[in-house]
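As structure tokens, here come the structures.
Shared between the two complexes below is chain A, which has chain B as its partner in the first and chain C in the second.
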Partner chain A sequence: MTALLEVEGLRVRLPTPTGFATVVDGVDYHVEQAQVFGVAGESGSGKTMSMLALLGLLPPGSVVEGRAAFGGKDLLRLRGRDLRAVSGRDIGMVFQDPMTSLHPMLSVGRQLTEHVRRHLGLGRRAAVERAEELLVQVRIPDPTSALHAYPHQFSGGMRQRIAIAIALACGPRLLIADEPTTALDVTVQAGILRLLDGLRREHDLSVILITHDLAVMSSIADRVSIFYAGRVVESGSRASVLPHPRHPYTRALLDALPHPEAARDTPLVAIKGTPPSPQQIPVGCPYHPRCPYAIEVCTTDDPPLAPVNGRRLACHVDPFDE
Partner chain B sequence: MGITLVVFVLTQLVPSNAVATNLGEQASGDPAAVAAFKSHYGLDRPLPVRYGLYLKHLAQGDLGQSSLTHDAVTHDLGQFIPATAELALYSIVIAAVFGIAFGVIAAMRRNRPTDHVLRVVSLGGISMPTFWIALVALYLGFFKLGWFPGAERLDPGVTPPPSKSGLYTIDALLVGRWGLFVQALHHLVLPALVLAAFNVSLLTRYTRSAVLEVVGNDYVRAARAKGLPERVVVTRYILRAALPSVVTVLGLVFANVLTGAVLVEKIFSWPGVGQYAYQAAVNLDVPAIAGVSLFVAVVYITVNFIVDVLYGVIDPRIRVR
Partner chain C sequence: MSKPALDLRDVEVVYERRGRERVRAVAGASLAVERGQIVGLVGESGCGKSSLARAAVGLVRPTAGTVVFEGREVTPLTRRARARELARLQMVFQNPYSSLNPRRKIGSQLADALDALDLAPRRGRRARVAELLELVGLLPSAAARYPHQFSGGQRQRIAVARALAADPSVLVLDEPLASLDASAQAQVANLLVDLSRRLSLSLLLISHDLAIVRHVADVVSVMYLGVMVETGPTQPLWSLPLHPYTEALIGAVPHPDGRGFLPEALPGEVPDPARPPAACRFHPRCPYAFDRCKQEDPLLRRVAPGRTAACWLQTGSGPPARPAEQAQRLPLLHTEE
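Presenting the complex of A and B:
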């Protein structure tokens, strides 16, 4: 089975006043048909940038290297009209904060139909019908009047549903959801995740789900990649990686999850230290300054992402080998 | 109402002697004539009563009589407003079109050569006083190059088109006289450009910063992710979001054009309200000054009102329901 999207050696450098900062440093991953691929990592680990790079949405002046095969094309080589033919049509994108990702001065109907008419060549009426259908799918009550409303008239959860409807409007094969639940209440989060999961099954849709919340990921992802400092440190199927993390960073992320059933006095666990700034990635394994298992070689050699029974892991020590 | 009071008090504060300006030297020596003049114009009554009278006349559309032209101020204004309106209209259109376009271009080409050039030029436009730009433009465009006429709305001896709107370009078009239209336009170019210069710069700078404030927004990224062409992203998403700030500045531009008109009309011998105001001020023609002030105030308030209404049209979040 060939993958829907296959990314190899993706490298993103952003311009800063003091020169380029490498925010994504040689990332490989692939997304299978009708699967949810989860990308996790702390803020600043390059998750978002590696996705924005796919649709050419990086800030001007950014440098992208690598290859991203999608439907026989290399997304990273597409420009202008060719890129726009894919964006919004074959690949839909949902952003983190629905309060800012919808234009406040344009009606929901307009934002939901403009790209449909452009990509699918539908007439006004057909596009409106399609928009109503979509709103029903994402469970917006009273779709007809919702089309005439403006984003500020909806709650955060509703707006995110609208944003998802916009991303799905042209029947894409891949949906990139960048922390779609981070800005929402926990109860609303669950609803959005259920919605995404349902849509994926109905439409045979592949989803890239970016999150820093492993709990979110464990609920719907099929395969996961853990990002740290612009690299993948561990990846594999959810069933293998999340219950048995092998990389110290993955384990630390899992340990940092609060457990509601834990005893009252259990202290919350935090990963000590802060993620490195993209301008000062440590030599060797980028995680070694924060890693309790670090040994000599970690400070000098960057561990390659190597296959280790059923998963891929970038660690010299591999302290959790069973 | 507040304006009428301010205008009235100001006219009373002006150290002008209505008797002297109106009667001339000989008659002001004659006590009987002075008394007759004062009682005719109500100048022998106490101030509040005179304010009341002023308001009463105002309500009847009477702004008094100009001591310079000896015509009703309303009549004078009626004569001069169309010339200023035409000049203002063209310079505001020039300012809006170029200012907004330059601002958007500069913002989209941020920190690239185009942006730098536009920023330097607009800084120049803001820093140079209008009268200086006007004099330089007159010297170059009229005197040195001879490309443009230097004064008046039409060439000497040419009869204006029959007045419908009072705007020569429009009136000329209405009667289908192309030659006259071109001539009127030719006369307009230089003063309108000069009057627009400062405002183009102002709008360029404000539009640029307003656009820069919204380009980084998620919804702009989302619009690109939808595969919309850049033209649509810029106009529908970016410019739309920047529009409230731009409209605010457009209101300011209106005020600038009205005040700038005094200088520009003087320098280009443009027979408009600015020229009238200038003559009135120089000759201490109090009723005319009061009339012009009131006119400017009314225009200003109207423009501000329109701006407020536009906010609601542009942004659904502040729409009154």
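Presenting the complex of A and C:
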């Protein structure tokens, strides 16, 4: 089976006052049909930039290298109208804060119909019907009156559902969700995760879920990639990586999380230090200054992402090998 | 038992809105923070927990009830200086990006806090600033830098250091962990526990995330739509929630174990606080609601040692049990009456 999206050697450099900063440094991944692909890492690890690059949404002056095969086209080579035709129609995107991604002055109906009229060429009446259908799909109660309401009249969870409805408007094959539940209460988060899971099961939608929260990823992702300093340090199936992390960074991210089934007095273990800034990526393994297992070679050589029993790992030490 | 460090009794906070109905954001809630204790206050957004926190430090005037801090009533902030004793009650806000001044160095901002209360002579200020930074795990050199030069977690620690400048005995923290990464969250959570133990500081920690509160708090109060629905020591409350809402909050927590557990979603939304449901405020979303829940408001009452719940399922006659088990015994409960 060929993947829906196949990214190879993605490298993103952003212009800064002091020269270019490499924020994504040679990333490979693929997303299968009807799968949820989870991308995790701390803020600044390059997760969001690697997705914005696919949609041509990087700041002007950015330099992108690599290949992103999607439906027989290379997204990184498309420009202007051609890119919009693909990214507007076949790829939907949902952001962290629905209050900033929704237009506050336009009714929900207007924002939902605009898309389908533009990309699918539907008439006004058909577009309204489609809009209602979408609101039903994301489980907004009373969709007819919701169409005439404005974003501020909804709660945070409902707003995020509306943002998802807009992203789904043209029937995309891929949905990129960037921290879609981070701004929400846990109860509401659970509802959004169930919604995304249902969309994948019932509508064959593929989802890229970007999150800093491995617990969120653990609930719906099929495969995961852990990002650090613009590269992937570990990737594999959810069921293999999360219960048995092999990279010290993946392990550290998990140890920092409160675990619902842990004994009460298990302390949360914070990762020492902070992620490096893209201008000052350490030589060798970028994680070595924070890594308790680092040895000599980690300070000089950057470990390649290499296959080890069914997953890929970038670590010289591999301290959790079983 | 000695008097609590911070005692909120039957606090009510009402917001008047021009041309619209008033909102009773806090509808009679009580909470006590003992000396050196960490109390977690949890609930979804819109449940009134931030309003209660603001009432606790005097940022809003309660329309009813009392807030007593170390034996003295907390009066709302005015333009006049407040009593010196009340300065030992401090607050830390959710977003350190907006609570710190972006244009002043960290050292100056901490020194301001000291100056405002005449807490350090000019000469000792620099040393005290360094001490405050060390307390929160930062180097003294941080004093010469600006807020934007720090990560979110570091900034939140600076906000804590500024609150510590007043030499407080109680800190009220409104969602101090919500805007942070998992790792930064763990750092700040551990710091708070550590500070509380070292300085015998009482903490009132407000959060929507029961999973993190469980690792930090000694006791937990759960709030729903302006009222407390359950309180208890953290561990028993987590392993045996007595109120269906507490149970729902725990069920919604995702598990990072890779087994693909899909968290339970609580149906419906937090209702408009201006128009709360009659009788038990939780009944429209409660999977176990029965007739009585729609007719009478359950009061918060003691159902086991150290534990209170506001639920008709918990009669207090038998041993406490999960809402689901109690619901199965429902016919029995009916005949009892």
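The rule is short, and it goes like this: the second predicted complex is superposed on the first by the 315 of 322 C-alpha atoms of A that agree within 3 Å, B and C clash if a C-alpha of one lies under 4 Å from a C-alpha of the other, contacts with A are read in each partner's own complex, and residues count from 1 in each chain.
In the analysis below, contacts are C-beta pairs under 8 Å (C-beta built on N, C-alpha and C of every residue); 3 or more make two chains touch, one makes a residue touch a chain.
All of these numbers come straight from a predicted model, not from anything done at the bench.
> Looking at A:55 after the superposition, I want to know if it touches chain B, chain C, both of them or none. Which is it: first, second, both, neither?
In the superposed model, A:55 contacts chain B only, not chain C.
> After superposition on the shared chain, which partner residues are touched by A:215: those of chain B (first), chain C (second), both, or neither?
second
> Once the structures are superposed on A, label A:145 by its partner contacts, choosing first (chain B), second (chain C), both or neither.
neither
> Looking at A:118, would you say it contacts chain B, chain C, both, or neither? Reply first, second, both or neither.
Only chain B; A:118 stays clear of chain C.
> Of the partners chain B and chain C, which touch A:16 in the superposed model: first, second, both, neither?
Neither: A:16 stays clear of chain B and chain C.
> Return first, second, both or neither, reflecting whether A:300 touches chain B, chain C, both chains, or no partner chain.
Neither partner.
> Taking the superposition as given, does A:190 touch the first partner, chain B, the second, chain C, both, or neither?
After superposing on A, A:190 lies in contact with chain C but is clear of chain B.
> When both complexes are superposed, which of chain B and chain C contacts more residues belonging to chain A?
Counting contacted residues of chain A, the larger count belongs to C.
> Any idea which chain A residues touch chain C in the complex?
42-43, 155-158, 185-191, 193-194, 197, 212-220, 238-243, 252-261, 264, 266-271, 274
> Could you list, by residue number, the parts of chain A that touch chain B in their complex?
Residues of chain A touching chain B: 52, 55-57, 83-89, 92-93, 95-97, 100-107, 114-115, 118-119, 150, 152, 163, 166.
> Which part of chain B faces chain A closely enough to touch in the complex?
Within the complex, chain B contacts chain A at residues 217-219, 221-229, 232, 236-237, 240-241, 314-317.
> In the complex of these two chains, what residues of chain C are touching chain A?
Where chain C meets chain A, its residues are 44-46, 151-154, 181-187, 189-190, 208-212, 214-215, 234-235, 238, 248-266, 269-270.
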